[in-house]
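Structure record follows, encoded as C-alpha cells.
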C-alpha cells in the first residue's frame, strides 16, 4: 500500500533487500529471530520454493562455517530460527534475497547490528559465493527512492552499472563482494 | 447466517478482529487456548496459508520476546497452542488478522483480559512492526454495526480515516500503533 | 442404501447428528473410541477439512477444559483418539457436526451414556460457543423420520423454528444451548 | 489376468472378500502380517482413501476391544501391521472390504485360521456395527464361480437376496451378522 | 540409450528383472544395499506408487518370515534399506518387479549371490504368493537378446509359453514358482 | 546471466559437472557441505525428483561402502549433509549429475581436493556402476568454452566421441570410468 522507506538499523536481524517485480524495483525487509528450540527453521512471508531454499542455504552456510564465524554449536542446537519477509499478501520468490537472508541470520545469531543505510541483493551458494542477479537498474532506483545510501552487490553485477546513467547513481555508494564472508565483514558492525 | 455482534471480554484469549470480504466488512473473532503439550501450534477455521503464517509469526514473536513480556520458557515448552477463527464454513485468508492473533495468544498466555469493546486490524512482522492493511472504511462500518466502541489500527492507516465521512466515525475512538508492543500495552488489561 | 433410524444409547461414544445434503436432511452417527497411545487423533469416514477441524476443536476444547470436566491429564497423554462418521462411501464436510463430535468424545472419555432419543446439530468454537447452522427444517424432518424425540440446537437457531409448520414440530422436544458446557450438561447422563 | 478361485485357509491372515467393479463381481483376497515394530500400519495394493480408512478402522476396533478379544497390549505396541490387497495393478476403493480386513487382522493377531470356503463383504464402523453394501447379486455370482460355499453379509443385506433367483443361490449358505463381534465369532476357527 | 546385457552375478543384491513397456520388452536391474540405520526404506529410480509398493511388500515379507529365512531381527533394526532401479530418466511402474525386488533384498541381507544368467518377473503378495504378470512374450525376447539363459516365472504364467513359437524359446530354461519361498530357494546360491 | 568458467579446486566439496539443456551444453557446479547433525540430507538448487534421487544414491553409496572408503560411521551419524546446485532460478533435473554429486560428497567427507581442471557427467547406480548419458557433444563444447582441460565420462560414452570432429576434442583429455570407485580414485587428490 505504502512505498516503504529505509527504517534504521536499531534491531539486529533486520536487513534491507532489493526486489525486482513486474511493477519495477522495490525494497523489502528480511527479518529473523531466534527462540529456544531444537534447530528448526520456520519461513514465512508468502515465499516460493526458491526463496525458501535461499534461507536454507543461509542457515547451512552459517552452521558449516561456525568456527570461522565464532559461533558456538550450542546456538544451533538450542534455538529455532525464523526468517520472515513482510508483506504477507505479496507472493515472493527467486534467489536474489540470499545475501539479505544470510546477513539477517548472522546478525540475529551474533547480535551485531547491520551497517546503516545499506541495502543488498545477490544469490548465495553453499560454498559461500555471491552470484549476480537481475534487475539491477530497477533495484537501484527503488533504493534511492527509499533513502538508501549504500548498495552491496555481487562483483559480477559491476558491469550492470555501466549501463545506468550517472544521474541515477549519484549519491549512492556501491560495495562489491565475491563471497558471503565479504558480505558479513562489511555489512555487520563490530559489536 | 447471523451478523455477529461484539460479545464481551469475559474470556481471555478471545479478541475481535475486522475482516474485509467481497461482501463488505465484517467482524470476526480470534480464539486461542492452551493445553498440556510440547509446543505444538494447531490452526483451525478454514484458514489460508497467509493467515496461518500470521499465527506462526504471533507465536514466534511472543517466544522470542518472552523476557520483555515476562513469560516463562516453561509455558512454551509444556503447552500446545491452538488458534481458531470461527466460522468454519467460510474460507479466510490474508495478513490483516495479525494483531488480533498476537493479542489473542498473549491474552491466553498471560490470562490478562482484553480491553472492552475494542476491535483491531493490522499485519504484524517478526521484528514486531504493525503494518497498514486495506479495507479500512468497510471494516469501520462493520465495527460500528457490531457495537464496537474503539478501533486499534496501524499508525500507517491513519491517513485512510481522512477519506471517511465524519458521520461514520462518530461514536468511535481510534488508537494507532506502530509496534506489537504498543498493541499489547493498550489492548490487554492489567491482571 | 437404507435410511438409518435411531439406534439406542447403549454404547458410550456414539451420538446422533443431523446433516443437510443436496438430497435433504439425514441423520448421521458420530462414533469415537480410545485406545492406548500417545495422544494421537485419527479421523475417518471420508471427512472434508472443515469437518476434521470440528473434531480437532472438540478434542482441544476437552483438553483445555479438562479441570472443569474432571478429566485427568493422563487420559489425554496415554490414549489415542479416533472419531469416525459412517458411511465411508459418502463424502462429508462442514462445521455442523461440532456439537455431535464434542459430545461423542466427552462420552468416550467419561464413559457416560448419551441421553436417549436425542439428535443434535451445531458448530462449536474453541472458546466453547455453539453457533447456529443451516438446513434446520430439513434436519428436523429427517430426525422425525428416524424416530428421534428430542433435538439439541444452538439458541441462535431458535428463530428458524418459527418458519416451520407446527405439524412438523409435533412430538419433538427442543433443547437450546449457548455453550459446549450446556451441551454436555444436557446430553450426557450422570454415570 | 486369470479369474481367481478360492485358495484354502492354511495361512492365518488371508481372507476372501467380494468386490463389485464396473466389470461385475470379483473375489479378492485381503492379506495381513505382523512384524516387529512400534505399532505402524502399512497399506498396499493400490488402495483408495476410503479403503485405507477401512483398515484403520479395523485396527482401531481391535485395539479398543483388545480386552474382550483377549489380545495383550504388547501385541499392538511391539509390532507393525501390514494389510495388502493383491493385485497391485488394479486400483481399489470403497468401504465394503471392512469385514474382510478386520477378520484378516484378527486372524493374524490371534493366529486363528479362517473358516473354510467362506467369503464376506460389509462395511464396518468404529463402534463395531456391520453396515450393508451394494452389488450383492454380482458379488454372489462371483463367489459361486470361485468355488465359495458360504457368504457372510450384513443382516441389512438380507433383503437383497429376495431379488435374486433361487438358481443363483443354490449351493450357497448365508450367514448374516450385525456386529464385528458376530463376524469374528463365526469366521475365525477356535485355535 | 544402449540396450543392456546381462552383467554377471558378482555383486549380491543385484538381480535382473524383465519389464514390458510401450517399446517392447526390456531387461532391468534391481539393486539394493544396506547401511547402518534404524530400519528406513529408501526407493529410487523414478518409480511409480505400485512399484514402490512392491518393494514395501518385499521388505515386509522378509521381516515377517525372518525366522524361516534365518535372519536376525537386529539386521532389520540396525540397517536402512535402499532399493534402486536404474535408469533414473525412465519412469517405471507396475507390480511385476516384485520377485526381482524380494530376491535383491534377500541377497543383500544374506550376502548370498544370485544364480548366474537368470532373469525373473512376477508380482508378489504379502502372504508370499507369486502372481502371473503380462507381456511374457516380449519379456522373453528381451531376455534372449540380453544373453539370459534361464527365466523364473509364476506357475500361472506357464500357459503363456504355449502361445510362443518354439524358436523363441530355444536355448532358454524356464523355472516356474508358486511362492516367494520357491523363488528364494532357487535364485539364491548357497553361501 | 553470465557464462560460468571453471573456478579452481581450492574448496573441497565443489565439483564441476556438465549439463545439457534446451539451450545447449553448460557447466554447472555441485557444492556440498557438512554440519553437525543426525544424518539428514538437504537438497537445494531447484532440483527435480530424479536429480534429488542422484544425491540420495550418492550418499547411500558412500554409506554402504564406507569401509572400503575408510570413512568412520560416526561421520554419517553426527553430521547433516547438504548438496546444492547453483543457480536457484533455473530448474534442473535428470540423472547425469550423479558422478558429480558422489564426487562432491566424497570430497566433503574426506576433505580431499578435486583434481584440477576436470569436469564430469554420468549417471550412477546404487551398486556403483557409472551409466552413459546423453548430450555428450554439447557438454564437451561447453566444457572447452569454460576452460576445462579434462573430462570424465562413462566408458559406455566412449563411442559418442567418434561422432565428434577432432577439432572440438583438441586440447581435452578424456578419462573413462566404469564404476564410482574409478571416479573417486581418479577425481580426488590424495590428501
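Each chain carries a letter (A, B, C, D, E and F) given by its place in the written order, and its residues are counted from 1.
Following the convention adopted for this analysis, contacts are C-beta pairs under 8 Å (C-beta built on N, C-alpha and C of every residue); 3 or more make two chains touch, one makes a residue touch a chain.
Since this is a predicted model, take the numbers as computed values, not measurements.
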| item | value |
| --- | --- |
| Chains touching both chain B and chain F, listed by label | A |
| Steps needed, at fewest, to go from chain D to chain E via touching chains | 1 |
| Angular offset of chain C relative to chain D [C-alpha, multiple of 5 degrees] | 60 |
| Chain E and chain F, separation of their C-alpha mean positions in angstrom | 30 |
| Averaged-CA centre spacing for the pair chain D and chain B, given as whole angstrom | 51 |
| Shared interface positions of chain F, touching two or more other chains | none |
| Arrangement of touching chains [line / ring / star / complete / other] | ring |
| Running round the ring (origin chain A, first step to chain F), the chains in order | A, F, E, D, C, B |
| Contacting residues of chain C [partner chain B, same complex] | 49-50, 53-54, 56-57, 60-61, 63-64, 66, 73, 76-77, 94-95, 98, 123, 125-127, 129, 131-134, 156 |
| Parts of chain B lying in touch with chain C, wherever the complex brings them together | 1-2, 11, 13-14, 29, 31-36, 42, 44-46, 80, 82-84, 86-89 |
